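Here you go, one structure.
For clarity, chains are labelled A, B, C, D, E and F in written order, and residue numbers in each chain start from 1.
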Amino acid sequence: MKKIEAIIQPHKLDDVKDALKAIGIDGMTVTEVRGHGRQKGHKEVYRGQEYMVDLLPKVKFEVIVSAGRESEVVQAITGAARTGAIGDGKIFIYDVADVIRIRNDDRGEMAI
Amino acid sequence: MIIREKLMALLLIAASSLSAAPTPEQRLSDLEKSVASARLAGDNAWMLVSAALVLMMTGPGLALFYGGLVRRKNVLSTMMHSFILMAVVTIIWAVIGYSLAFGEGNPFIGGFQFAGLSGVGGDPNPDYAATIPHQTFMVYQLMFAIITPALISGAFAERMKFSGMLLFTTLWLLVVYLPMAHMVWGKGGLLGAVTGTFKCFDFAGGTVVHITSGVSALVCALYLGKRKGYPHEPIPPHSVVLSTVGACLLWVGWFGFNAGSALAAGPLATSAFVATHFGAAAAALGWLIAEWIVMGKPSMLGAISGCVAGLVAITPASGFVKPFPAIVIGLAAGVVCFLMVTKVKQKFGYDDSLDAFGVHGIGGTLGAILTGVFATRSVNDLWGGKPMGLVDGNPGQILNQVVGVLISWALALVGTFVLLKICDRLTGVRVKTNEEIQGLDLSMHGEEGYHLEA
Amino acid sequence: MIIREKLMALLLIAASSLSAAPTPEQRLSDLEKSVASARLAGDNAWMLVSAALVLMMTGPGLALFYGGLVRRKNVLSTMMHSFILMAVVTIIWAVIGYSLAFGEGNPFIGGFQFAGLSGVGGDPNPDYAATIPHQTFMVYQLMFAIITPALISGAFAERMKFSGMLLFTTLWLLVVYLPMAHMVWGKGGLLGAVTGTFKCFDFAGGTVVHITSGVSALVCALYLGKRKGYPHEPIPPHSVVLSTVGACLLWVGWFGFNAGSALAAGPLATSAFVATHFGAAAAALGWLIAEWIVMGKPSMLGAISGCVAGLVAITPASGFVKPFPAIVIGLAAGVVCFLMVTKVKQKFGYDDSLDAFGVHGIGGTLGAILTGVFATRSVNDLWGGKPMGLVDGNPGQILNQVVGVLISWALALVGTFVLLKICDRLTGVRVKTNEEIQGLDLSMHGEEGYHLEA
Amino acid sequence: MIIREKLMALLLIAASSLSAAPTPEQRLSDLEKSVASARLAGDNAWMLVSAALVLMMTGPGLALFYGGLVRRKNVLSTMMHSFILMAVVTIIWAVIGYSLAFGEGNPFIGGFQFAGLSGVGGDPNPDYAATIPHQTFMVYQLMFAIITPALISGAFAERMKFSGMLLFTTLWLLVVYLPMAHMVWGKGGLLGAVTGTFKCFDFAGGTVVHITSGVSALVCALYLGKRKGYPHEPIPPHSVVLSTVGACLLWVGWFGFNAGSALAAGPLATSAFVATHFGAAAAALGWLIAEWIVMGKPSMLGAISGCVAGLVAITPASGFVKPFPAIVIGLAAGVVCFLMVTKVKQKFGYDDSLDAFGVHGIGGTLGAILTGVFATRSVNDLWGGKPMGLVDGNPGQILNQVVGVLISWALALVGTFVLLKICDRLTGVRVKTNEEIQGLDLSMHGEEGYHLEA
Amino acid sequence: MKKIEAIIQPHKLDDVKDALKAIGIDGMTVTEVRGHGRQKGHKEVYRGQEYMVDLLPKVKFEVIVSAGRESEVVQAITGAARTGAIGDGKIFIYDVADVIRIRNDDRGEMAI
Amino acid sequence: MKKIEAIIQPHKLDDVKDALKAIGIDGMTVTEVRGHGRQKGHKEVYRGQEYMVDLLPKVKFEVIVSAGRESEVVQAITGAARTGAIGDGKIFIYDVADVIRIRNDDRGEMAI
């Protein structure tokens, strides 16, 4: 099983969620994060005190899927999140050792 | 409560029916009494509202304005500075404060005549206001004594020890505020506009309130030193939204502050109301435009800072100037305070956390001097027809104003420094580093401003 | 609108030019009329402002104070309790409420004389207030009827069903509030300060407002049971910031509540204003210091809770006591309510979510009794020179006060219990467990207080 | 300031002691003067408070109401719309605005008589209000001119360019607001209730304020187009809590708006106060119940939207109708505006972000017409005993009201469209897509509403 | 070493925390997240504009433990978080390559 | 590739960010979390109701780097975040199976 972790632009949240649902992925966890990358930050000024905000609001999706669906999910996400501009974000993939459904102790693929 | 009115009504009815026909003389003297009560009702209605408005300036007005400007972890401790003064100053005022400010004494400080509020009752005290109860005057002035030390807290926010803050503001009230109030407004005061040695115009507290607090703020900022991380780490306001609400309430409440200082609901109150509003509006625009030009973007924080700067500067002038001069004073205050806060402060590098000096010290000084320029007898003929300000044909008034400014600066500088030294000995004035990192809400008060988890 | 004034002005001018020279008699009686209008203008200005201030106490004052104290998921449902009563009570008041409270009836409840506001117009009703329009008195009293049931909501916050809350507060107004208001303030009421069988002093609602609501709150807390998780899970306020703003607005609004209860803008209003302010200040300090000593840290929540406790306790006394006794009452209320809320409540273990009983029930009872101690004819000579309170030489008054307290406790205890039973049958009063877990904002109202995602 | 009062008091004492015994004639004419001052004090107290209340409606009232309804990233830009108009409109008003609205001119627009506020002083102007300083009338009316364009901002929130907004509202004030105000309220205006060609009743601004702003809002919404994502993406309010606070402050402030429009503190002010309160209460219930039935749950947002709709609809009627008709008007407004906002808007699909048209345009139109139905001489006998509204026996008044409505719709529609075209050319009116995505707080103002990180 | 990542109902936070402490687990990190799964969302309505909220508030626990304690920790969490209703959440398990204690550069199991 | 996950004191955020930038690490994601460890919590009291807050505010950094840079990054973080007091935090290291840049489908090391 794989964990697909995608950092995307906040305004793409709904699009990515819908794209995942469209390919039958129902389980997902979303976190508000802040990210730094190639995208330039912005300047904020308070009473003349300027400062660069270089940690920008991003949204992190975490989706655990069976290994076989990995590429399909990656495509759904990139398709929905891409604008072609710097700051679109990244996807990181990890191995998952096990999954347990709390409600009924289902294990492994069954629990996804 | 209602019963009393009822009784009075019954008496009136009785009086009019029993005493078959009162003589005209009787009716005349009855009328003279009832017209005085009627006048008192109108003026007292306005003054009670004004007192309430000035209290609203401190809480929630200033508490929100300052509370929004600090970091989330210090929001309660900052609001507390304003709130607790609503309580502490009240008790001091009742015991001795009112007397030292407004009792008859020497040119520098009042006497003990009104200590424990003795002699301060429902009848007017014509020394101060002939058409409102003396108690109304007393409680109205109390509201000024509350907000003044609260203004200073903008300079020591996010790093002052609570016990030290309590001790310092208590002493400061006694040593700096009360003498200054007496000199300018008290019977026989040194700087009284009519009978003083130096006839200084300060309608609602440019020197007494804003210079004293603003200059003391500077001393506090220097004495306490910078907040950890300042200026290399960003310390943005945790909620400009709250500060905006606070600024609006300050604007609204300031009508009580300035127009209330007419101590009656006549045309002078209206004139001060208009000047106040125009000054605030012009200063908001002044700061905004300056910021737009200099920094590239006009900000909400700029607009509200500007309006406060304008309100400060128009305070001493509000009962002496016409509407367009009020606009000029506002514009000047907006631009000058903007430069002060964004350029001069950066240059000198002191950490006046919320710019109490930049706005109140500088805005108050500017306003006090411009009052000498624009004061005119056609608004408030204090001197029986003699010219008042520069535009009125009395350039010498500017000197009088400068004297008032210098005295208030000197008193604030020296008084505050000495008191901080003392408090530092007695309670300490600055929190420990780990307390500052944790935030004063937790370290001083054991609570947090927000628990937003679902 | 402006046209009307213009016409009047024209008429005045016409009158003075045409009727070549009015006789002195004519001028005298014209003057008598115009001085009455002038007096009415002053008093009415103050009373309209007071009515507005008392509405502001409920919304946004109490809505913020209570809203900040609950968890984020219940903030809107809690604010709704205050807000919707601004609407519901108004309609009931217009139809029948005002009449049942202030119409002439028996010693326990008013009659139908003013039903549908018939006979409540622009002329003063000298039974209640001779110098303001009867409608002003009516709408001012309405604002009291709004806030009283809203205060109870502090006890059932975070777990009461919205439909049940609407039904309960409607019935409660009819069964508990209106009789109590009539007994204390209505013409011919059992507890009237001047003509009542038991002459009870309650200037602005210690019994009528605070004891009834506070004691009913206790019954609600016991009847509804604890919130899920209380007390082993922490249920911290989601925003002491909002509560602080609310407390400040309550403080400011309370001037309308207490000083407005003079029903005129004369010296008595000022006296009540001063007592109110002093009581609040002393109680804020009282609670804070007690907390500092007992719990180790002085908190913002403590300071604002104290100020509310003081305002509650000074309410019945405000128009009867001098400034220093007001400070004593405030101090006592701050300390007693602190102990009540932190020690006694913990001991008994009931879940009075926002301490409506601890603050209003206890503070109101304390205030009602201390009014019997400190009331003095030198402030408000209701009895034509006869001594009033204990300090005035009339220890017996304390008994009268106790009677008032007992009647209000009894009415609130029994009335509330019976009504809750009825509402439980008709609509249910407590939400389901999963609704409580989800939060009442979503489960009752289908919305959330905050959407803070970027 | 206090010195002046002191002098007066001294003079009075002197007068009464020196001039051994004034003649009765002397006393009579002194009394006539002092009763006029007393009356002025009462009325002026109320009007200054009313002016302050109306300013409070814009800031913080409307700023919070609208600010809470937008997304977090646009909160400051939305509050700025209200705040900056407090400054901009003030300056325009002083220079030329007051004169064009209230100077004598032709039936459509005022002249230059009062330009630069010349001739606007401390004496009453009996054309408008005989018992308050002319300056009070001027500054009170200014507060109306501030809030009207601010109301429009509800339609263009979250997407209008700041420079475009400044230019547009400035021009709109000159081209739409000032003529409309003159027609309805100005001396010699076309729609004046007493002397106009079409005698239209608009006590406090149903046409002048709410129709003009509401209809202009519709044009703005259509011209600017939808916000990115609307309606398929959810755009929930970021804080219904803030909006609720704003709505409460609007409710309280509206007493100054409507009851203040009596321009005096007499029984008419009270009547308007009561009508206002009853209308708001009924409308909050109307919307809430309609929503409960139609959508399944009664919401806080519904309740506050309803109260604002009721306040809008009662505005033109407030000084002409009795309490129960006020309840009817409120109920109607609550239900109609609910349907408008939830059903009609969805159907047509335009994006009136915060429903400025649905509430102010529709509520204002409804109120203006119902004023023709319920106006009665028993409340405000403008026409010397002649029947006024339909219920009073004058069905024809409804036609007059319709004329007023049509003129204000027409002026708003055409004026706003032309001005938007012009502004689009000169500064642009809509932000760029990436600026809209980033949020206007950052893109227009370079700041954020909240920094909540620990 | 293993990372045990549990997504649970927010109102179970205290129970789970206490269950972990009860078995001697002291190190844990908690994040507010929003999740989508089989649990149906709720409807919110603002001025007649309805929308489905299908990302519900959840709490994520992350606990790094030595491999041997994995099943014990899983049991503690499921025991405390289970209500038996849909939405109870899931546990994901990952391998951890290394652990470092910042304070003193402790590494591996010692650093847990 | 490795994921380096550091839980640090919130007031060290800027220092750690700067330390990472100083060694040429530009990609990083930051999350507000709450943590429990050896560090004692604090007491909060509301109207006499005391409670221990034992989940303290922390900041989580996630940095994905090529395996070779692991120790350099760990050193940068520990260097910047260490105060020597309990509560300084921990670093956890995981294997990363793959990385995708959403903007242009870059994969693996290239995408970091």
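Throughout what follows, a contact is a pair of C-beta atoms (placed from the backbone, for glycine too) under 8 Å apart; a residue touches a chain by one contact, two chains touch by 3 or more.
Model, not experiment: these values are computed from the prediction.
A.B. asks: Given that chain A and chain F are copies of one sequence and touch, is their interface built from the same residue numbers on both sides (over half shared) or different ones?
C.D. replies: Different: when the shared numbers are divided by all numbers used, the fraction is under half.
A.B. asks: Out of C-F, C-E or A-B, find the interface that copies A-D, where copy means more than half of the contact pairs are identical.
C.D. replies: Interface equivalent to A-D, from the options C-F, C-E or A-B: C-E.
A.B. asks: So, what's the distance in Å between the C-alpha centres of chain C and chain A?
C.D. replies: Centre separation, chain A to chain C: 53 Å.
A.B. asks: Quick one: chain E and chain F, Cα centre-to-centre, how many Å?
C.D. replies: Each chain's C-alpha centroid was found; their separation is 18 Å.
A.B. asks: Just how far, in Å, is the C-alpha centre of chain C from the one of chain B?
C.D. replies: 30
A.B. asks: If a residue has to touch 2 or more other chains to count, which residues of chain C qualify?
C.D. replies: 24, 28, 31, 35, 38-39, 41-43, 45-46, 49, 234, 236-237, 295, 297, 299, 301, 446-448, 450, 452-454
A.B. asks: Two or more other chains touching the same residue: where does that happen in chain E?
C.D. replies: 31-32, 44-46, 94-95
A.B. asks: Any idea which chain A residues touch chain D in the complex?
C.D. replies: By the definition above, chain A touches chain D via 11, 14, 42-46.
A.B. asks: What part of chain C is in contact with chain B in the complex they form?
C.D. replies: 24-25, 28, 31-32, 35-36, 38-39, 41-43, 45-46, 49, 53, 71-73, 124, 126-131, 185, 192-195, 203-204, 236-241, 244-245, 247-249, 251-252, 255-256, 259, 261-271, 273-274, 277-278, 280-282, 284-285, 288, 295-301, 303-304, 307, 319, 323-324, 327, 380, 382, 450, 452
A.B. asks: Under the definition above, what is the set of chain C residues touching chain F in their complex?
C.D. replies: For this pair, the touching residues of chain C are 231, 234-237, 295, 297, 299, 301-302, 305, 338, 341-343, 345-346, 355.
A.B. asks: Show me the residue ranges of chain C that touch chain D in the complex, using the header's touch definition.
C.D. replies: 1-10, 12-13, 24, 27-28, 31, 34-35, 37-46, 48-49, 51-52, 55-56, 59-60, 63-64, 67, 75-77, 79-80, 83-84, 86-88, 90-91, 94, 116-117, 121-123, 132-133, 135-136, 138-139, 142, 162, 242, 441, 444-454
A.B. asks: Could you please specify the touching residues of chain D with respect to chain A in the complex?
C.D. replies: 229, 233-234, 437-438, 442, 446-448
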